[in-house]
Amino acid sequence: MKTALIGFGRAGKAVASVILTNPDFKLEWILRKRPSLTGRSASEVLGIESDDPGKVISASGVDMEKILDENPVDVIIDFSSEEGIHRYGKAAASKGIRIISAISHYGDSEKSLLRELSKETVVFWSPNITLGINYLMFASRFLQKIAPWVDIEIIEQHFKTKDGISGTAVKLAEALDVKPADINVVRAGGIVGKHEVIFGFPYQTVRLIHESISREAFGNGAIFVAQNLRDKPKGLYNFEDLLHPYFNDHLN
Amino acid sequence: MKTALIGFGRAGKAVASVILTNPDFKLEWILRKRPSLTGRSASEVLGIESDDPGKVISASGVDMEKILDENPVDVIIDFSSEEGIHRYGKAAASKGIRIISAISHYGDSEKSLLRELSKETVVFWSPNITLGINYLMFASRFLQKIAPWVDIEIIEQHFKTKDGISGTAVKLAEALDVKPADINVVRAGGIVGKHEVIFGFPYQTVRLIHESISREAFGNGAIFVAQNLRDKPKGLYNFEDLLHPYFNDHLN
Amino acid sequence: MKTALIGFGRAGKAVASVILTNPDFKLEWILRKRPSLTGRSASEVLGIESDDPGKVISASGVDMEKILDENPVDVIIDFSSEEGIHRYGKAAASKGIRIISAISHYGDSEKSLLRELSKETVVFWSPNITLGINYLMFASRFLQKIAPWVDIEIIEQHFKTKDGISGTAVKLAEALDVKPADINVVRAGGIVGKHEVIFGFPYQTVRLIHESISREAFGNGAIFVAQNLRDKPKGLYNFEDLLHPYFNDHLN
Amino acid sequence: MKTALIGFGRAGKAVASVILTNPDFKLEWILRKRPSLTGRSASEVLGIESDDPGKVISASGVDMEKILDENPVDVIIDFSSEEGIHRYGKAAASKGIRIISAISHYGDSEKSLLRELSKETVVFWSPNITLGINYLMFASRFLQKIAPWVDIEIIEQHFKTKDGISGTAVKLAEALDVKPADINVVRAGGIVGKHEVIFGFPYQTVRLIHESISREAFGNGAIFVAQNLRDKPKGLYNFEDLLHPYFNDHLN
């Protein structure tokens, strides 16, 4: 699958390294805001052996239509920022290129644009694109459905300098009707990321835990999404939509 | 719901205490092998305030048909041993009484009898009847379906004197294709019971944990089962069958 | 060792059950505020086989001197409330009886009285008398000494209805200079009690965890204390004083 | 403190990166077996900003005396292999250079050499040089001293491809008299490293846990050791020796 990446920060680099080494995917180019690294190949920048072109392209003054014509791809994976979609969205959708966005937050204007684009192509958006976290969300909501009265609290732990509550924890809390006061926040040392959903029953406790080892998890998540979008008709999708078919399978 | 209990050992007592205090259930009588406590009421034996009769009946020389005629019930909950079903099974089924068995192990003859009885009434059997453990099993198998290649190991921890591998851990291992060597067994102090299913991804780890606080969890599990069997047609059921409708709900 | 117990609530009962079955200790009597159970033996009330007298005595209108003369003991273990010490303290100290108090909170007047009494006998006071929690406190402070700059946070988890922050967590926080905001409080289901001290280093995390299984832990803690006070001269002691000799041992 | 590093594999590189950015240490040179990277500076190879020379020197045909004369250092940190000590040991000791070895295993000949060298200089050796693991070992042995009869088991978890039982777990087991069968080994996904020592009491459980985030922890451990060896007289030291003074402090 010919792939392009938008963004080449820490997350983008981790995702690129995963795509470069995946035999089913070919990283064609990377679009980034900053001009540094322009013209170099991702494999060379990251020190990874790969035949993928992975050419770094600066976004300033770029003609998206031209880039997409000269370097066609099947799917675009966006790890840049909330403005990114405005840059490549329309051009990509008009060519039927599938869009996978992992941007952590979009405003109304971007959400509106996503809906627009989804009329022409497959558009996927998830603020957290790791398989593990999305599974946690799904599995948690399911347990709450079975036992609506169970006590639920969340503990999220991250490195000392991480600002604010983890977006993932906030999203989990919203999905489970957990009060913000019941999101317990730990900031200590170099903890990469740990989320725990605690289900307190009268005589037993269930704990669903997700531990991040490193950002490459985003890359594997993006790949999982790309593979599962392959046969989908145009429209707007989130991670939960991709998990449904496995549920159906699971019932039979 | 009028309820009868078979067995009054540690598990049976814990279950009885939960039923006695649940307003939707009325414990009518308890059948046990040992003659001690015969004639006394469960609430009095356990020191729990309740109007439920909960009369303790000795199984020796008892005429099940007569007991069921004189003390009719809607459901029988079995926490005795694998012979129990032979005692009350046919009589209960012939009267359309629902049977809920939590016996940890049945041989072929008992399994055969269960299938027989299920032609006449609703029969439920689960070696572990806690909601938490059955949820863990279901949620684990679902994650494995999404990520068939993920590494899975199991850790089960119990009090020092517990013999052999936890039946729950064995069942989890079978369901997930985990090699017996990958069931890690800890025996220490007074740990009531802790099961952990570890899913090792390249860049993230998911841990599904169940901790037992006390045996009353069996009681709440039996109650959950009784409530969810209410509208079911006759047949043979296990815990997973009861979780399916919640999945269907979850998808829509 | 002849022992008396002050208080017969949930903690007191759990402690009594442990002492009754310990061959090195003989429970002579129990003093309690409420008049119920007066005259009965603890073993009979708790349904535990033991030859210990364990006679329940009502505190109202009681003459402590007389009780201590007629039923002499070596040590008194107090699990009642903060007024208790005023009742038995002076009489016990004058007879050189060792006092072990596990009262969670004392005001200035009680603390003053303890110091008074410690001039005549061995007086021990610890708000939490379990070996595990006191070990956690000691081990935590030691790690902080080795790495004064490490990030420390505390997570305490208890059953849904537990009011206020765990006194143990508050004490841990004070000992480690952890800000109250960094004590994370979870209230869910029937969790008996779990305390975790998290030490966040840049590239590793150390977690010291204590899990309560049941209140009998207080009994074993009281026994540990009684055994370790045996050779001590009169004075005022806390749990840390009892752990020091093991440290000295540990160094050599 | 002028520092030299022996070995530049994954551990060596992680340690180098920590030393390069520590203002109290200056990485002068790195001796390695393989000829690649010879002549380059560590900061340039690792892409880290630092003024430290950190010159990579190939060990083949090298004259240690000459290297040490031309590039004097205060301390040598060894992360190479068990043969390393034979290369630099005598030359370093004769110049009174402190030796810090983190080699995971030495045979009798090397141990003998270490003792020899310790007559002339300060020699430190620890198979695991992280502060966290050594603390765990010390704290575990202390708890066992307080409660000699407590049940102890160990769980070690690592990435799928790690061969054999963790050396750290083996060392912990030996120190605590834990039977090899009670070392539970989990191999799954990308788990960097997690060691848990479980202390099972009848009514409470204590868990001491160490989680590795990344190899830079070795670097911080080596730095801790270097700082704590500063005032020591010549002799042979291990990590426990360095923790003792903190214990003494802790007692007073």
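In order of appearance the chains are A, B, C and D, and numbering begins at 1 in each one.
Assume contacts are C-beta pairs under 8 Å (C-beta built on N, C-alpha and C of every residue); 3 or more make two chains touch, one makes a residue touch a chain.
Every value quoted in this text rests on a predicted model; they were computed, and no experiment measured them.
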{"item": "Most widely separated chain from chain C, with each centre as the mean of CA atoms", "value": "A"}
{"item": "Shared interface numbering between chain D and chain A [over half = same, under half = different]", "value": "same"}
{"item": "A-B compared against B-D, more contacting pairs", "value": "A-B"}
{"item": "Distance between chain centroids, defined by C-alpha means - chain A, chain B (Å)", "value": "40"}
{"item": "Centre distance in Å when chain B and chain D are each reduced to the mean of their C-alpha atoms", "value": "51"}
{"item": "Residues of chain C whose C-beta touches two or more other chains", "value": "189-191, 199, 201-205, 213-214"}
{"item": "Footprint of chain A on chain B - complex, ascending", "value": "130-132, 135-136, 139, 141-143, 145-147, 199, 201-217, 219-220, 243-244, 246-251"}
{"item": "Complex contact set, residues of chain A against chain C", "value": "150-153, 155, 157, 159-160, 182, 184-191, 198-205"}
{"item": "For the chain A and chain D complex, residues of the former touching the latter", "value": "189-192, 213-214"}
